[in-house]
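One chain, subunit A, links the two complexes that follow: it is found with subunit B in the first and with subunit C in the second.
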Partner chain A sequence: MAIRRGRGVAAINYPTGMNLGGDPTQALVHSTPTGNFMVTLSSVDLGQGMKQIMAQICAETIGVPTDRVIIDTADTDTGPHCMGTFASRGTHRAGNAVIQAAKEARQVMLEVAAEELEVNASDLETDGQGNIQVKGAPQKSISIFDVALSAHFKRGRSISGRGMFLIPRSYPEKETGAMKPSTCYAHACTVAEVEVDDETGEVRVLKVKNVFEIGRALNPKMVEQQLVGGSWMGISHALYETTEPYYPNRDHGGTDFNQYLMPGPGDLAQTEIIVLERPSADGPFGAKGPGEMCANPQIPALANAVFDAVGVRIDALPITPERVLRALKAQAAG
Partner chain B sequence: MEMRKDYFADVRQDGLHEIGQARPRLDSPGHVTGKTAYFADRNFPGMLHLKMVRSPHHHARIRSIDTSEADKHPGVVRVLTAKDVPHNVYTILILIQVGPEDETVLADGKVRWKGEAVVAVLAETERAAQEGAAKVKVDYEFLPAVFDMEEALKPGAPLVNEYHGQNYYLYDSGECRKVRFGDVDAGFAQADHILEQSYQSSPIEHAPTETTGCVVAPEGNDRFTCYTNTQAMFFTLDNTSIILQMPGSKLHFVGGTVGGGFGGKVDVIVEPIAILGAKLTGRPVSFVYTREEEMQISSPRAAEMVVIKDGVMKDGRIVARKVTGYTDAGAYSRHSPYGTQKGAAHYPGPYTIPNVWIDTYCVYTNRTPSSAMRGFGVTIGDFALEVQMDKLARLIGMDPLEFRFINAYRDGDMKAHRQPTEGAALIECMQEASRVANWPVAGKYMAMSSYKKGA
Partner chain C sequence: MAKVPVEFTLNGSEKAEFIESGTTLLHALRDKIGDTSPKGGCHQGTCGACSVIIDGELRLSCLTLAETCNGADIKTTAGLAKGGVLHPLQRAFLDAFATQCGFCTPGMMMAAKVLLDRTPNPSRDDVVEALSGNICRCTGYEPIIQAVLLTARANSQNAA
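For the complex of A and B:
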């Protein structure tokens, strides 16, 4: 009886969006009298940071710092339609809608600034710090604060914009299955290292090295929190979680976190995250949807690592000590 | 975390002001100091609490329901049964014309899974609602149940859901969603080795920190404001409008701050019945799942069975792949017909294979309806595909990572569902994994690129 080590690899891709249902999201952007920007949506922040990312996307597009943007979301009396936060679609779909709305608002803002500076709007640029300046002559500038005041009180302009992003529904062809199920694809490759106790069947995850390609990382810290969390969830799916441990038998289902097992602090693997960025052609600033896929590659990588360690295949999830032990016994029985 | 900026630098515009910057989240201080308001932080004077009477049986006919004792229980204000729900038989994907309506808000004549909602009790306190629920008497006549997908698909199996008429979802393509590409039989005939393997998963819970729920307040003008943690505001509002036969203009949903979703909050379950309760009593209503309900009543990730048959050459090329996928929807559709066809589009994985045959089935059984969950249609498929890849590599004596390089899709490759590959990066991910994990592969693989030169 011994502790045996093994490692396994898995590589995956993941589709963004739900094209098979039709996939719309809309956004509205307007400026306050003092040049802050309000983004109105009905998209939902699940804790992953949707509001923050929409603020950064709007800020980049308008040309102001992110803290000048306020997100008003998920009130159906004010927010325009969003299909919802699922299918790794939130950043991609809502982000595109916000860009379109912010571009329209930016254009009005530049037109008002052009009137104030007596130049052509096409000769203006933003400095990203809250000012609008003449290209090549930054000394000739006006603050966005003053532009907004002028728009509201002097020129009667609404610095606002409407954004719409729609992926029309794809209907699968009956006989061949030809369809366009999603837009861009994210990618990942995970290498997992495990120790398997061949006496108890317990699997201990030593290391997971995850390489993720997610399109443009719009906010790297938030990308990190999502990818680390996803990697943990993948391990949890592989080795622990189920509401029906003896599926298809319905007995022994957990009803709380004492019975429904997930890895605790003592079970955490050494986790490494590497991010590659191949901008997508259709995503906001090249973003893809990494939300779902980051929990997928660990599962088969761990299953393959268990085989590498002890030479048994567990082809049913989760890979519990009971299943490992039964497989080892069957193997020993020849 | 490390960003490897050397990959794809030629197609990426770095150096933007706000994008690509690790700005601190504006909502984090509120989250970590307990000041963020979630739906359950709404508390209205006179608010009622809703508890469900649930089926103790997997499959049974309801002979009768007696709510008289519950009605009389101290604190109980109103007891709701199927007849109180204006459009009781519904399905959420009807909004995108995916029917038939196959599920009841409150069971009518029959229960199809253990835990199904039968009677809703509204009371002054959670405890009174719970006690009232315990006093509802339901007379059941047991029916044979089916739990196993293969059993469910056999002729003569108990019929789970009469609205479908058979134990699988009927697509326009027939009993399954199909993908056909190339000639799979010719591929197998040509293969040096054939490997057919079967993979299985069990249902998985989303396990969000915040359980599913909502608080509804009548606005006094025939409008109802519903504070909810749904993942999809208008999807929920529009379905509620159908179920309650109430114009959407009477409904106001407020949400957007959710303590974890993972796909578990895209079913429309708590809002319609809570709004109905508020309408019929004229009082605010709170309906929040207990942890036990979240674990066993709310939809889990579907159990799946995936059978993969591959034809592979000694040199490592996969020349044919046939996948048959089964998704255990439980008793009702919810989002499962969608996830099942998403699965059909995902196979054969990120590999270029000339001959592909995919059938994916959405199967009904007498268990908790499954629905969306992070990666649904894909996660379990990837488990099956990538374990299969490992087995194939070992079968032909090849390094598992090198084997993947040989088959990896690249820009311009035609996928089985007939979309050309764009923006591929599988090869680069594997190259980087080879480096960081110290898993060496031959130089020719490290020299590959997802950009297909001359393609």
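For the complex of A and C:
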């Protein structure tokens, strides 16, 4: 009886969005009378940072500071349609819709500015600080605040735009079954090191090293935050979480948070996160969906590490001490 | 059921309410007094989201009857910022990106505050121990641990 060490590796590809009856998301953008920009979405920020990223995307497209953008995730009765906040699709789908809407709004904004400055709209550029200026002659400029006031009260223009991003449904080819269920994949690889107690069946995670390829990280700190939490969640899926921990009698199953196991702050593995950025072809500014995929590679990596440590294949999750011990017993029985 | 009078100090100001006997402090704070910073997660003392500070001790407001708090000095996360200036813990949680969905954050801050009030220069193990009664689903805990350590470092630099 001993504590045995093992190391496992696993790599995954993870699609961004999904392929049901087509995967659409809409966005609407309009300026307020004072030149702030309102983005209306039905997509939801549930802590992953959707509002921040959409504000960055809109601000970058229109050419204003991020704090001039207001994100309203409204509700699904009144907002423009979104398929939903799932499948790691928010940044990619809603982001593309916001770009399209913001481009249209920017064009109207430049047209109004052109009328005010008595120049051609195609000769104008934004300075990113809230002003519009003539290319090559920045002294000839107007604030976006004044442009919005003019549009509202003088020119009768709505500085607004409509955005729609759709990944059409992909049908399998009849002969081969080949299809294109997603246009964009994130990738990840984890190396995990564990200690397995072959007397108690307990698995302790010593280290996880994760590499994530997530397209362009539109907000690197928030991406890191997502990946650190996701890596922990992957370990949690692999070793702890189940609604039926008390085999074989379902009546003894968990009923609340206190019976649903997750690793606490005292159970953390040493965690390393490396981000690779290979911009996607069809993502907003090259983004992919880093959300769900970051909690996946730890699971097979840990199963492999357990195999490396004690020579048993656990093929059901979570990898509980009971399952490890039963497998060891079966192995000993030969 | 008979209503009972309760008086206590909440974040420095006097509060007096008539409450149903048996009301939890969490319910009284959120639904009677209007301080929604303590969160109701499990309502059975497991998740720590409802943590508040009563007379300097970390308490679970979902397991504390409001009527037992007569004369108590109660502090919640809503009282951390002063005059629009964030408390160092709040600043550190922002700087360390230690919050995602935010539901556990007020309880985490209360647990951290009690730790730092007693142990201004905690070790990592001290922080882990102090946060061990609070459940977080998003962050993986590491950013929260780092935020508390960051607060301690900032406090000791300010004191020096």
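Here is the rule we go by: the second predicted complex is superposed on the first by the 316 of 334 C-alpha atoms of A that agree within 3 Å, B and C clash if a C-alpha of one lies under 4 Å from a C-alpha of the other, contacts with A are read in each partner's own complex, and residues count from 1 in each chain.
The criterion applied here is as follows: contacts are C-beta pairs under 8 Å (C-beta built on N, C-alpha and C of every residue); 3 or more make two chains touch, one makes a residue touch a chain.
As the structure is a computational prediction, the values presented were derived from the model and not from experiment.
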item	value
Partner chain(s) touched by A:Gly47 [first = subunit B, second = subunit C, both, neither]	both
Contacts of A:Leu268 with subunit B and subunit C, given as first, second, both or neither	second
Touched partner set for A:Glu224, first subunit B, second subunit C, both or neither	both
First (subunit B), second (subunit C), both or neither touched by A:Met233	both
First, second, both or neither for A:Asn258, with subunit B first and subunit C second	second
First, second, both or neither for A:Val211, with subunit B first and subunit C second	first
Footprint overlap on subunit A, where subunit B in one structure and subunit C in the other make contact	46-47, 49, 221-222, 224, 228, 233, 256-257, 262
Contact set on subunit A toward subunit B in their complex	7-15, 18, 20-22, 42-47, 49, 51-52, 55-57, 59-60, 63, 65-67, 73-77, 79, 81-86, 128, 169, 172, 174-182, 184-185, 187-191, 209, 211-213, 215-224, 227-228, 233, 237-238, 241-245, 247-250, 253-257, 260, 262, 272-281, 285-286, 288, 291-293, 295-297, 299-301, 303-304, 307, 313, 315-318
Residue numbers on subunit A that touch subunit C, as the complex places them	46-49, 221-222, 224-226, 228-233, 256-258, 262, 264-266, 268, 271
List of subunit B residues in touch with subunit A within their complex	1-5, 7-8, 11-13, 16-27, 31, 58, 93, 96, 98, 114, 147-149, 172-174, 177-181, 197-205, 207, 230-235, 237, 251-263, 265-266, 291-292, 295-296, 300, 303, 328, 338, 341-342, 344-346, 349-350, 358, 365, 367-368, 372, 374-375, 378-380, 382-387, 389-391, 400-401, 404, 408-409, 416-419, 422-426, 428-430, 432-433, 436-437, 439, 450
Sites on subunit C touched by subunit A in the complex	41-42, 44, 46-47, 97, 100-102, 127-129, 131-132, 135, 137-145
